Amino acid sequence: MSAATRSQVRVRYAETDQMGITYHGVYFVWFEVGRVEYIRERGVTYRDLEEKEDLRLPVIDVQARFLKPSFYDDLLEIHTRLAEVTGVRIGFEHEVFREGTPGPLATGRTVVAAVDRQGRPRRLGEELRRRLES
Amino acid sequence: MSAATRSQVRVRYAETDQMGITYHGVYFVWFEVGRVEYIRERGVTYRDLEEKEDLRLPVIDVQARFLKPSFYDDLLEIHTRLAEVTGVRIGFEHEVFREGTPGPLATGRTVVAAVDRQGRPRRLGEELRRRLES
Amino acid sequence: MSAATRSQVRVRYAETDQMGITYHGVYFVWFEVGRVEYIRERGVTYRDLEEKEDLRLPVIDVQARFLKPSFYDDLLEIHTRLAEVTGVRIGFEHEVFREGTPGPLATGRTVVAAVDRQGRPRRLGEELRRRLES
Amino acid sequence: MSAATRSQVRVRYAETDQMGITYHGVYFVWFEVGRVEYIRERGVTYRDLEEKEDLRLPVIDVQARFLKPSFYDDLLEIHTRLAEVTGVRIGFEHEVFREGTPGPLATGRTVVAAVDRQGRPRRLGEELRRRLES
């Protein structure tokens, strides 16, 4: 498995719900922040993949486990790892940490498919795959 | 001023914040639900305007006043009226009501501009303007 | 397995992303709309469970598979079924349909835990469990 | 007028819409990120105001003007200034900038009211007012 990319997010007021914790759906937005940074750290930007290579990476499968709540204004660290990359899809693993709290607050897994602008399957180039695995 | 279109929304858990009320930013999403229904009631859909007429209506100006909070699971009624329509922009007025509570919970005003896919100004057709004013 | 509850949602502009489809994170909000209606159809409201019985049902596990995209202004039907209920947790199954499209656009599964206001585990009452299973 | 606090945000994929720009409702979330940082820079945290001083600052009035669109992955700078503070409310001014683009992409103004947990009006303490004005 590749090295983890670490991204920081601070919980926004809009991201809390009346239970006084972060709404669970927000973690998927953070997972995506992590994926974008994972790719950027390897010398590519998802923005360029879309604009210059006509690649889209829609999420086709996702799961998450919420172990401990996070709270408004918490500074969190999202760890993102590559789980697998094939010619047509990429799997990522996610963990959310808060300094001072042992173990992850949440874990997750996302699979994205490679398609073009019209949603037709596309193959991921060799160079991109090598970069993602690095 | 034209007749008001009435749209119903129920406050979702995701739309609350830890103050135990609806997050204020959510009202702009509801205002948009109201605008979309306003247009649909007049025989056009915003979806068709985008897809068939290459029209986009980005928001360029918005204001809102929050008078009383709304709460999780409240069934609300969004009233949407046309404030003005010119060749290049449309103004809408919004009010949010909850049955049993006198007066609006929130009021607002939105101005959208008419542009094409590339964001260049476009003129609104006469027929669309007449429909909006009806 | 219990009968499915059917809830309608219309895709909001705010819920789309620049891929031109519904952002995947939005489905978790719709799943919740489905759970809330599932409970309401069985004579209880989640709001009352919170306010009158000091019960909270935070999501602890969720998964979703996205098979076909949904689009702006689509009218969707969320089917929600009970998967299991124990003394301390409830599992739900979700399917999202669009009229005219065969098969679900998305499927999912959510597990919520029963806790009190302070986040301490609580047991679900017999009557509530019976209602959920009905 | 006090000095501006500068906060950075990067546009998330979830924050775009199918027009290919940031959804306008997202700016209100960013304005709030700016307010929170404005307060933090002056030695207080909004979190502490809520938890330790039983203060809530719900938004009662907001307006925004959208001059130029922002795009996915843009790194933006939110400038937040105090417009006014009285015993019972605080006004903030917002501007959103992107490096390399002259002038703000968006401007706005928010007024928040001081209330307690039950939503009853509260007076802002002298020290807090002095800090906010510094």
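Order as written gives the chain letters A, B, C and D; numbering starts at 1 within each chain.
Criterion: a residue touches a chain if its C-beta (ideal position, glycine included) is under 8 Å from a C-beta of that chain, and two chains touch if they have at least 3 such contacts.
Source: prediction; values computed, not measured.
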Subject >> Remotest chain, chain D as reference, centres from CA atoms >> reply: C
**OP:** Find the geometric centre of each of chain A and chain C from their Cα atoms only, then give the gap between the two centres in Å, rounded to an integer.
**Re:** 23
**OP:** List the centre-to-centre spacing of chain B and chain C in whole Å, with centres computed as mean CA coordinates.
**Re:** 27
Subject >> Distance from the mean Cα position of chain D to that of chain C, given in whole angstrom >> reply: 33
Original post:
By residue number and range, which residues of chain D touch two or more other chains?
Top reply: 13-14, 19, 21, 25, 28-29, 32, 72
Subject >> Graph class of chain-chain contacts, one of line, ring, star, complete, other >> reply: complete
Original post:
Which of the residues in chain B come into contact with chain D in the complex?
Top reply: 18-19, 21, 24-26, 28-29, 32, 56, 58-67, 69, 119
Original post:
Residues of chain C touching chain D in their complex?
Top reply: 13-14, 16-21, 23, 25, 72
**OP:** Using the touch rule from the top, collect the residues of chain B that touch chain C in their complex.
**Re:** 10, 12-14, 28-29, 32-33, 36, 45-47, 72-73
